[in-house]
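Structures given as C-alpha cells follow.
One chain, chain A, appears in both complexes that follow, with chain B as partner in the first and chain C in the second.
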Partner chain A sequence: MNDYRTKDKVINFAFVFPALLIFSIFYLYPFFYSFILSLHRSDGIFTYDFVGLAHFRDIFQDKAWWRSLYNGGYITFWALTFQNILAFSLALGVDRAIKTGKIYRVIFFILPVLSEIIIGLLMRTILLSEPGILNQWLDKIGFGFMIQDWLGKEHVLLTTSLVHCWKGFGWAFIILLAGLQTIPEQLYEAARIDGANYIQRFSKITLPLLMPVVSMVIVLTLLGTMQAFAMILALTRGSGRLTEVPVMIIYNHLRGNQVGLACAEGIILGFILVLISFSMFAFSKWVKEKS
Partner chain B sequence: MIIKPKKLIGLILLHTFLISVALSCICPLFWMINASFKTNEEFRNDYGLELAHEFNGDNYKRAIFDGGLGTYFLNSVFYTFITVFFIVIFSSLAAFAFSRLQFPGKNIIFFIFLTAMMIPLPAGFVPVYILLNKLHLANRIGYVMAMTNMGLSLSIYLLKTFFDQLPRDLEDAARIDGCSKLRIWWHVGMPLVAPALAVVIIVNSLTVWNEFVLASLMFTNAKLMPVQVGLMEFYNKNVIDHTLLMASLAIAALPIVTIYIIMQKHIIKGITAGAMVG
Partner chain C sequence: MKRLFGFLSIFIIIFTIPLVFSGCGSKKPKDKKIIIWHWMNDRKDALENLASQYKNLTGLTVEFKLFSPPDIYSQKVIAAARSGNLPDIFGILGEKKTMSSFIKANHVLDLTPYMEENDKSWENSFYPQALEVNRFRKNNSYAIEEGIYGVPIDLTVMEFVYNKDIFTKAGLDPESPPETFEEFLSYAKTIKETLGINGFICGWGEGWLINALAVEWAINLMGEDKFIQTIEGKVPYTDKQWVEVFSMFLKMEHSGILADNITSMINKESEDLFSRGKAAFSFNGSWAVNVYKQLAPDLNYKFFPLPKISDNYPVKIWGGAGSSFMLHKFSKNKNDAVDFLKWITSNNQQNFLSKETNNLPSIKNCQEGLPEVLIDIVDVLDSLTHPNIWPINENSRVLEAFNSGLQQITMGLKTPAEVCAEIQKIKERVSTK
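What follows is the complex of A and B.
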C-alpha cells in the first residue's frame, strides 16, 4: 500500500480535477481577465483597444459613481445599525428564555430564504402610491398621518434601506442566535449565584464571548449590503440616480456594452470591500489583544 | 409553577416585541396569497385587505398558461436540478480527495478554494458573462456550468470538514477487500456524509433558484428564462393587474417556502456554517 506511486497520484488528482477545472474557468480565469479587460475599451466581442488607466480616471471623475457609493453606504449604514441591533435583540430574546423560540426562528428566517426579486416586486406593489396598499392600510387602522409616497423622491432611499433591513435581519438573527447558543449555560449559572444581575451578565459574559460572531456579522453585512442589487432593481429600478447602487451601475454598463469600464468599476468596488473587511478584522483582533 | 409578576410583565413585553416583528414578516406574504385569489374588481374595492370570498384560481391559471410562468418555473426546476447534481458530484469527489487522498499541491489547491470563498467579487458576473459569450456558451450549458462554480467552494469546504470528522475504519476495511477508490467514494463515503450532503443540496438549490443577475444577462429568449428573470418580464407586462402579479409571485415563492418549512433545520445549519467560514 504505497500511496505515493505516480499512478496513485494521478488517480488521486483526478478526484479534484472536475471541480478544479470548473473553478479555473469560471473563477480564476475571469478574476485575472477582468484586470486585463479593465485596461481596454471593449464591447466584449469585436473592439478591444488599449486605453491604460483611462477608465479608472473616468470613474474617479464620475459623479454617478460617487453617488452610487453614497447610496450603497447609506443603505449599509441602516443595515449595520437598525438591522443588526434588531437582529441582536431578537436573538437575545429567543435565546433561552422562552420555549416558543423555534417558531419565531422559522418565521424570522423566511424572508432571507425568499428571492430578492420576489421581495422587491412584492414590496413595490405594496408601497407604490398607486394603488397604495400600505397607505390604505395605515388609513384603516387610524395611522392616516403616516401616509407617504413611499417610493417618491423624498423617501425612496430610506424606504429601500428599510426594505433591505426587513429582508436581511433574519439572516443576522440566525447567526447571532447560533453564536449565543454556543455560550455554556454554566457560566450564566455561576454568575447568577455570585449575584450578577442581567446587565452585568450581558456585559461580562455574553458580549465578550460573542465578539467574534458580532464582528463577523458586521463584516458580512457590510460586504452583502454594498453588493446588494437585485432587490433594489426590482423595488425601485434605481429611481433615476436616487437608489442607484454600485453593482447596478456595473450591470448597466455591461448591458450597454461598456465592458472595460464595468470591469474597472468592479475592481474598484472589490478593492474597497477587501480593504474594509481586512481593516475590520485587524481592528477586532486589536481590540481582542487589548482586553 | 408560580411566575413572579415582574417576570410575567417582562415575558409579555418580550412576546409583544417578538410577535410584532413576526407579524411584519408574515403579513405581507399572507396579503400576497390572499390577493392572488381575488378578482381585480374585488381587489379594487378592498385592496386585498379583506379575506378573499372564494379560492379563485383564475389568476394562477392565467399566470401559468398565458403568462409563461409555467415555462419559467420548469426552466428553473431544470437549472436547479442539473446544477445541484453537478455540485454534489464534483464537490464530494474533491472533498473526499482533500480529506483522504494524497497528491502534490493538495494543500495549495484547497487553500485557493477557501480564499475564493472569502474574497468578494462584486462584479464577478462581468468577466464570466464575456467569457461565456466568447466560448459560445451563452446558453443553458454555460449557465449551469457558471452556477456550478458558484456553489463549489462552500460545498467542498462543508463536505471536507465533515469527512475529516469521520473514522476511517470502514474505508480501510473496504480497501483491504479490494475496493477501488472510486467505489469507496460512492459506496462508503457518500452514505457517510449524507447529513452534510443534505445541507449542500438544499443551500445550493436555494442559491440557484434565487439567482437573478447572471441569468438576466444570459437569457434574452423567454423560452429559456428561469423564474426570477421571468418575474421581472412578467411584472413589466402586467403592471396594473395586481392580483395576477401576486399569483405569479406566489408561484415563484411556493417551492422555496415548502422546502424551507420541511428542511429548515438543514438550511439554517448550512447558512450558519457558510457564514462561520469567514
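What follows is the complex of A and C.
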C-alpha cells in the first residue's frame, strides 16, 4: 500500500516537475537573485560589493524616485478614472449592440495589440510642434485657439496620461464586456417586469454582479500603469523628470551599470504594488459583503 | 503505469541515440577563422569588404558578426563574457569602467607588447587621443595594470555644425561661423527673427549630448584641471564658474533660439530636422556626416569649433576613439587576430574605411579618403577631451542629476543655482557612501 502511494507521489511529482523547474528558473531564481543583487553594489558584469541596505536608504532620500512615483500615480489616476469609465461606458454600449458588437470589439482591441513603442512614436509625431499634425488638424477644423505645445512643460504629464489611457482602455473594455455578458438576461427581464427603470437595473443588478470584474480591472490598471514605461520613453523620454516614471529610473540605472540600485528600486516598486493590490482586493471584498 | 514507462523509454531513445552517434563520425579539421563581434550597422558592408580583401590576401577567413542595436550588443558581450563564449575580437561599449571590469575579469589581452614591437611603430601610427581611450596609465583609478587594451579603428569628434544656406538666406556670411557664445546667440536670434527657423537643435532628450556641451564650456571657462578637481570632489558644483556654465543654457532658453521639445528629442530626430533645414545650428558628432549624407545628400553645412564663453582656457573638443576592438585574452587565434588588427589599422584600410563610412581615421597622416567636411575637423584632433581619457570619472548618480538638471534649466523649470546645489548635494551623498 505504502509502496503504491510513494510511486503515485513520484509519478505525480514527475508530471509537475517540468513546470516547477521552469517556474524556479525563470521566476523564483530571478526574484531571489534580484534581492541578493539589491544588497550589493554591482555593475552587473563582474563586481559585487556587499553594501547591505544602503541602496534602500539611498532610494528613500532620492527626490527623483519620489517624483517618479508621483508621476506614475498621476498617470494611474487618469487611467483609473478616465480610461476605465470610458471602457465601462463603451462596454455597456457594445453589450447592448448585439449585431455590431464584434466589429466594435475588434476596433477597440486594436490599440492594446499594437506595440507601446509604435504608439509612443506615432503619438509623438502627431503631438510635436514640428511637424504639428494635431495642431494643423485643429487649425483646419476651426479650433485654432486650442493650438499649443502638447509636449511642452505645461501639458506634457497630462498629455502622456491621456495617450496612456487611449492606448490602454481596450484591455479594460474587453474584460468588462466579458463580465457584462456573464450576467444572466433573465435577471434584467424579471426587474423590468417588476417595473425597475434603467438606473435601478444598473445599480441593483449590473454593478453588484460586476464588482469582482471591476476590482480585477482596477488592480490590473494599477499594476499596468505603475509599470508603464516603453510608450512614455518613446513619447517624451522623461522630459527633464516631468514624465519620468519608476520603471524609467530602473531602466536608466540598469543601463548605467548600477544593477544593485536598480534591483532595490524594483523590489520597492514591487512591494508598493503588491500592497496596493491586496488593499484593493480587501476593499472589493468589503464592498461585496456590504452590498 | 506500464504505458507511462513505455512512453518514457521511447522519449529517452529518441533523444539519446542521435547524441551518441553524433560523436562517432570522423572529425573534419575546421578551417581557421577569426570571429569578430560588432554593433556598427552603418559599417557592416565596409567591414565585410575588408574581410574579403584579407581572405584574398592571406587565405585567412575573418567573419564579422553584427549584433544591433548597441544595447542588445552590449548585453550579448556581457552574457558571452560571463559564460566564457567571447569571440576572438570584440568591442566593449560604455564607460571606461565597463572596459576595466572586462579586463579585471581576465577577458581582454594587453596589447602593449604588440604595440611596442619595431620601435613602437604600431603604437605611434595612432592619434595619441584615440589610443588613450584604450590605455590604462600607471596607478590608474580603476586599479588596472598599465597597458593598452584595445585598438581604435576610427575617431569621433563632437562639434557645432551650421547650415550654410540658411546663413546666406539670413544675410550672414556662410564662411564665418560664430567664434564666441555671444556671436552664436546673436546669429541664431537673427535667423529665428528673419526666417522663423529654429536657431539651435540637438537631441537633448539623450543626456550625454547635453552633458558633452556643458563639459566643453566648463573646460573652456575653468580649465581641465579645475574640472577634474570637481570630479575628485575638491571643487563644489556650487562654485560660481559652474553656475556660469549652467547659465549658458538658461541664456539659450531665454533667447528663444532652442527648437521646441528639444529636451525630449533624440539625436536621430534632431539630425533629421537639421538635414531638412529646420534649424540653423546643431551640436553633433562627426558620425553625422554619414547620417546627413543619407538623409539629405545636398545639405550645405560645415562643422565649427565650440563658440567659446571665455578666453581663460583653450577650447577642448569632446572626442576620442569612436569604435575600438579588444582581443580575447584566451583566443586560440591570438597572433592571427593581432595581424588582422594591424592590417585594418594600416594606411590603405583606414583610407578605405574613411571613404566608405565617412568616419575619421584613427591613424595619423591618412586623409585621402576623407570628405571635405571632415578635413577641417582633423585640425582639432590635438585638443580632444573625453571621460575615457580623464584620470577619474564622475559618479553616474551625479551625472544623472547633472544631465536632468540641464534639461530642467532649458525647460525653464529650475535656475542654474538650484540645479548646481542639487548636484552638489547628490555628489556629497555618494561621496560619503
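Keep this in mind: the second predicted complex is superposed on the first by the 267 of 291 C-alpha atoms of A that agree within 3 Å, B and C clash if a C-alpha of one lies under 4 Å from a C-alpha of the other, contacts with A are read in each partner's own complex, and residues count from 1 in each chain.
The rule is simple: a residue touches a chain if its C-beta (ideal position, glycine included) is under 8 Å from a C-beta of that chain, and two chains touch if they have at least 3 such contacts.
Owing to the predicted nature of the structure, the values given are computational and were not obtained by experimental measurement.
Student: On chain A, do chain B and chain C fit together or clash when superposed?
Tutor: After superposition on chain A, which the two structures share, chain B runs into chain C.
Student: Taking the superposition as given, does A:G195 touch the first partner, chain B, the second, chain C, both, or neither?
Tutor: After superposition on chain A, A:G195 lies in contact with neither partner.
Student: Quick check on the superposed pair: does A:G52 touch chain B, chain C, both, or neither? Answer first, second, both or neither.
Tutor: After superposition on chain A, A:G52 lies in contact with neither partner.
Student: Which touches a greater number of chain A residues, chain B or chain C?
Tutor: So, of the two partners, B touches more residues of chain A.
Student: With the two complexes superposed on chain A, say which partner A:G44 touches: chain B (first), chain C (second), both, or neither.
Tutor: Once the two structures are laid over each other on A, A:G44 reaches both partners.
Student: With both complexes overlaid on chain A, does A:S239 touch chain B (first), chain C (second), both or neither?
Tutor: Second partner only, chain C.
Student: Should A:I11 be classified as contacting the first partner (chain B), the second (chain C), both, or neither?
Tutor: both
Student: May I ask you to decide whether A:G142 touches chain B, chain C, both, or neither, giving the answer as first, second, both or neither?
Tutor: After superposition on chain A, A:G142 lies in contact with neither partner.
Student: In the overlaid three-chain picture, which partner chain does A:M216 touch, first (chain B) or second (chain C), both, or neither?
Tutor: first
Student: Looking at A:F229, would you say it contacts chain B, chain C, both, or neither? Reply first, second, both or neither.
Tutor: In the superposition, A:F229 contacts chain B only.
Student: In the superposed arrangement, does A:R255 touch chain B (first), chain C (second), both or neither?
Tutor: In the superposition, A:R255 contacts both chain B and chain C.
Student: Hey, what residues of chain A end up touching chain B and chain C alike?
Tutor: Dual-contact residues (chain A): 11, 44-45, 255.
Student: Any idea which chain B residues touch chain A in the complex?
Tutor: 11, 14-15, 17-18, 21-22, 24-26, 28-29, 31-32, 44, 47-49, 89-91, 93-94, 96-98, 101-104, 106, 109, 112-113, 116, 119-131, 133-134, 145-146, 148-149, 152-153, 156, 175, 181, 185, 206, 209-210, 212-213, 217, 228, 231-232, 235, 242, 245-246, 249, 252-253, 256-257, 260-261, 264, 267-268, 271-272, 275-276, 278
Student: Give every residue of chain A touching chain C within the complex, in rising order.
Tutor: Those in contact with chain C are residues 7, 11, 43-47, 51, 54, 58, 61, 63-64, 128-130, 149, 151-153, 156, 235-242, 244, 252-253, 255-258.
Student: Can you check the complex and tell me which residues of chain C touch chain A?
Tutor: Chain C reaches chain A through residues 1, 4, 71, 78, 81-82, 94-95, 97-98, 101-102, 104-105, 205-206, 259-261, 263-266, 273, 278, 396-397, 399-401, 404, 407-408, 410-413, 422, 429, 433.
Student: Quick one: in the complex, what on chain A touches chain B?
Tutor: 1, 3-4, 8-9, 11-13, 15-16, 18-20, 22-23, 25-31, 33-34, 37, 44-45, 86, 89-90, 93-94, 97-98, 100, 104-118, 121-123, 125-126, 131-133, 136-137, 140, 166, 170-171, 174-175, 178, 216-217, 219-220, 223, 226-227, 229-230, 233-234, 246-247, 250-251, 254-255, 259, 262-263, 265-267, 269-270, 273-274, 277
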